[in-house]
Amino acid sequence: MVRPYKELREVIENKDRGLREKVMSLTEAITLIQDGDHVAAGGCHYSRTPMAAIWEIIRQKKKNLIYSRSISSTEGDLLLVSGTTKHVITSWFSPGVTWGVSRAMRHYTQKKLALYEEWSHMSLGLRYRAGAMGIPFIPARVMLGSDLFPRLEDIQEMECPFTGDKLALIPALNPEVAILHTQRCDAYGNVQSEGLPFMDEDIARSADKVIVTTERIISNDQVRRQPDLTSIPFFQVDAVVEVPYGCLPHECYAAYEPDFNHMDYYVKLMMNEGPEGVKEYLERYVYTPGSWEDFLSMLDFKDILRATMEGRGVYND
Amino acid sequence: MVRPYKELREVIENKDRGLREKVMSLTEAITLIQDGDHVAAGGCHYSRTPMAAIWEIIRQKKKNLIYSRSISSTEGDLLLVSGTTKHVITSWFSPGVTWGVSRAMRHYTQKKLALYEEWSHMSLGLRYRAGAMGIPFIPARVMLGSDLFPRLEDIQEMECPFTGDKLALIPALNPEVAILHTQRCDAYGNVQSEGLPFMDEDIARSADKVIVTTERIISNDQVRRQPDLTSIPFFQVDAVVEVPYGCLPHECYAAYEPDFNHMDYYVKLMMNEGPEGVKEYLERYVYTPGSWEDFLSMLDFKDILRATMEGRGVYND
Amino acid sequence: MTKTAYNTAELVAIMSARVLEDGKIVFGGAGMPLISCVLAQKMHAPRLTILFEGGVIGPHIDPHKMPPSTNEQRAARRGHMVLPITDVLLLQQRGYVDYGFLGGAQIDQYGNLNSSYIGDPDNPKVRLPGTGGANDIASLATKILVAMHHEKRRFVEAVDFITTPGYLQGGDSREQAGLIAGGIHQVITHLGLFGFDPKSKRMLIQALHPGATVDEVKERTGFEIMIPDEIPLTEEPTEEELRILRELDPEQRYTKAVEE
Amino acid sequence: MTKTAYNTAELVAIMSARVLEDGKIVFGGAGMPLISCVLAQKMHAPRLTILFEGGVIGPHIDPHKMPPSTNEQRAARRGHMVLPITDVLLLQQRGYVDYGFLGGAQIDQYGNLNSSYIGDPDNPKVRLPGTGGANDIASLATKILVAMHHEKRRFVEAVDFITTPGYLQGGDSREQAGLIAGGIHQVITHLGLFGFDPKSKRMLIQALHPGATVDEVKERTGFEIMIPDEIPLTEEPTEEELRILRELDPEQRYTKAVEE
């Protein structure tokens, strides 16, 4: 459903968009999310995933979230099996090409326990972008003729009044909350990400609220010295949380590659045991640890060290 | 007129988009422009204006060009009075707020010697963006209800099929040639501009051909070390010309501010003498010098020195 | 001590600055709006965020280097972010901008502005520079503010050309045209502050500046302006406001007395 | 000297690499397409520019660190440019991309691909991961290439679900649907190269790999494939191609023999 323009504007207009510090704890930040909210996650697949935020969302037992993301990897399994969401909007859903098709995703979708709403990667991107631009749709030349089109409620076709071309009208997507992870963000919420931008910028502009977890909190002075690097301005952000290694076991560009051993361990468990395996993982790595730091300390430091050396290696070339 | 999609694609598909060096002389580069072409200029107002390219266009006596730009300053006067264009598409047309209304622009438009096609700044930006995205239009919530709307051939209104909102449909603009000036570009055409991006990126993607003048030619190795800074990829560019101070008397972010003395001199001449004054300026500063370097050497070095110190001063703070 | 004298332009600049609340976001045009925004930051609104059309968010303008345009590097000094023109303008369409702050050459009783043509658009007496971002700002920003000198030739019953939409033909005509958000909020002149009737959308007097009278307003307004029974007076510019303003514009490039 | 043996996956990777011309731009999917692109660069096409969905232009992939996904930092190594996913995909809509290079789970006689559902979409036997960028690439890229293992269960008369448009129902149905540019150009399998009839848009045999026969193709194809009178043979993989390929994928993560 495309949300009414006036409603979208009122939410933004009623927010305090003044320059103010927004640094808070992970727990505090995630309480900004309500049951039933549509939560969009930044990054793509197993890169720059806001994993710490998702981990905390599951711990806070949020219910009936709509979850959308460019491409969903293992975090999608966790959200399904934990009962956090029954509705995932994405373009591709599995841990990764070399790991096969997620058995958890298959279980929940094939048994109709959850809906996987499938859009092409670009059309999902255009949905966030239309939402970010304050328009109800963007025309495009994809999805046409496919069987994806008729399965979607909100997509339409039109004949272009200028050219007569047949176009797909891709509807705006405006999540209630965006959760993003970045390498650099100041206390006000000015985000300066490194490397692959994915869809984060559009997601932030399309959402009512934005929660940013960051590898480090940099000074506003640094931001102002390189305003070219800012991708999300402070007034779009509601919470800033400092979470080093906040994407593990996924990667964060130029900071660390995935913890492939932990990924292999998870995927093996999930593929062998199905949802039961994921429940076992949730119990051990999400519900039991006292904090995100406690979770990190359960990982093998040698693996993290290697992932870090590989990750920051992009600056060694 | 919105150009047909197939025609736009064929032009791009038939270009050699392989990695190759494109460094050439200013004269050579400007010969890529044909009489009657629509030429879009990057930068905005008197900032990052591709002045050297425009200077050479006038010297090569191009005829019946359509000229479009975000906001047009003194370069627009020169193009009108030199007879290069009779059709300017922009959102604001005069040297600058403190210099008053261009008497040259008034003369040519009021006497109907030329057409000034007026779009709002954002709708002109959306025209380039639609052209850059390969779609015939982008919907927007501007221009509606104004007297600008009915004076334009190509703009339309529609009721949104999703929300029922009344929307303006902003038509794509795909120039034959884009002329852009940047601070940094490699020999292949990878552009890494500094500071205000203006509309350059969309203009480059919307055009059939792209001519880049640059303060310096950097190595491809530098580009690859900071791929985050690249705004225009090499395969969109047809010509790379090294032209230090290529925006004078306008400014180039972090390189030099405008030569305000020369601007004052020009504006005084233009405002006092009208088109005759501009002709005098053209004779002296455009037709007579043997080269762009000869033009630069006619400026007062003390003024350039001050402009340079002010310009690069953004990195002193 | 004796009061410092001030000219009409300075009065408008100061009264405009006072309208801007702290912590809000303002999209500022070139010239006087820019001066007023910076003045507001130095007075009561240090957390006022300025957006410029050139593509910058939250610049720190150097008082000794006021940019003659909002599309140049001086206007971008020490900003949080630089971004494409189209995108900074789109932020308004998304609803992020509280104030759209414009100057005007000609305004009418419904707050429509003209910066395109004086006279018949097909045979204009004067072809003006055009809309720039004004049409966008006035179509999208939540509250439109207009600062101008109060003269009969500028305050006309109907503008020669609607470059920038106010309430169009009044009533609900703005919404009917598709402009369902925002609208013109206040006009600041050297005589007073002016708003718009909630129903008819015709211009009305909100307040008068010290020394200004209703008769003077009527005399300098080319249409019938609505006059409430109670009309408050504004506070005279303070010494501090004048001092800071003159630091910002020592050569009075933006605040020189208007010749009529 | 004796010839090095190779498996069917290696054959497909090498034959695919040969299709990619130097100086062109290819949008590569994960897995085998990626391997073939890098192989082509190391063989005959050093000026081949690779685009990845993750948002990178012209990366230098480290042969010893092949990225398992095209949306991660290994896939972005030493690129000319990184950009948002939506924008890198939009470059295809603008016409910049020569080849869209995909793998496929299931293909039909008109080149439609299915990566969404095996069986009835409303009660699927298997819910597959989905389109990712495949629908976009196949709707927009100038020439679509598909690399896959040749099996009857994969080469079906009509796919269970059209995730990724080929020529839809054949004839001009693709254009009628609004997909007026591009189209599926070639299918590369371990048996040969396959194209499409210009008029009916049905799949036909273009060439066979050494050792493959028309009967084997017919036997492994679940629909009636068009067979021309003259069928050329492809050149066997060279020692050099095999050597480089195995450097790229020493553990055969992407080129292990397919179990049927």
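Going by the order they are written in, the chains are A, B, C and D; count residues from 1 in each one.
Everything below uses one rule, namely that contacts are C-beta pairs under 8 Å (C-beta built on N, C-alpha and C of every residue); 3 or more make two chains touch, one makes a residue touch a chain.
These numbers were taken from a predicted model, which means no experiment stands behind them.
Enquirer: Please identify each chain that touches subunit A as well as subunit B.
Expert: C, D
Enquirer: Tell me, please, which chain's centre (mean of its C-alpha atoms) is farthest from the centre of subunit C?
Expert: Most distant chain from subunit C: D.
Enquirer: What whole-Å value do you get for the distance between subunit C and subunit D if each is reduced to the mean of its CA atoms?
Expert: Those two chain centres are 59 Å apart.
Enquirer: Report, in whole Å, the distance between the mean C-alpha point of subunit B and the mean C-alpha point of subunit C.
Expert: Chain centroid spacing, subunit B to subunit C, equals 29 Å.
Enquirer: How many Å are there between the centre of subunit A and the centre of subunit C, using C-alpha atoms for each centre?
Expert: The computed centroid separation for subunit A versus subunit C comes out at 41 Å.
Enquirer: Going through subunit B residue by residue, note those that touch at least 2 other chains and give them in order.
Expert: 5, 133-135, 140-141, 165, 167, 195, 227-228, 317
Enquirer: Residues of subunit D that touch two or more other chains: which are they?
Expert: As it turns out, subunit D has residues touching two or more other chains at 56, 76, 78, 82, 90, 93, 140, 180-181.
Enquirer: Should the pattern of chain-chain touching be classed as line, ring, star, complete or other?
Expert: Contact map by chain: other.
Enquirer: What chain pairs are in touch here?
Expert: Touch list across chains, by label: A-B, A-C, A-D, B-C, B-D.
Enquirer: Report the residues of subunit D in contact with subunit B in the complex, numbered from low to high.
Expert: Residues 22-25, 47, 49, 56-58, 60, 76, 78-82, 90-91, 93-96, 98, 140, 142, 180-181 of subunit D touch subunit B in their complex.
Enquirer: How about subunit B: which of its residues touch subunit D in the complex?
Expert: 5-6, 8-10, 12-13, 16-20, 132-135, 188, 190, 205, 220, 223-224, 227-228, 230, 233-236
Enquirer: So in the complex, which bits of subunit A are touching subunit B?
Expert: 2, 4-5, 133-141, 154, 156, 158, 160-163, 165, 167, 169, 171-172, 194-195, 225, 227-229, 317
Enquirer: Subunit D touches which residues of subunit A in the complex?
Expert: Per the stated touch rule, the residues are 44-47, 70-71, 90-94, 96-99, 101-102, 105-106, 109-110, 116, 118-123, 125-126, 128-129, 140-148, 151, 157, 165-168, 195-199, 201-202, 251, 253-254, 257-258, 310-311, 314, 317.
Enquirer: For the complex, which residues does subunit D have touching subunit A?
Expert: Residues in contact with subunit A: 30-31, 53-56, 65, 68-69, 71-74, 76-78, 82-86, 89-90, 93, 116, 121, 124, 126-136, 139-140, 161-165, 168, 173-174, 177-181, 253-254.
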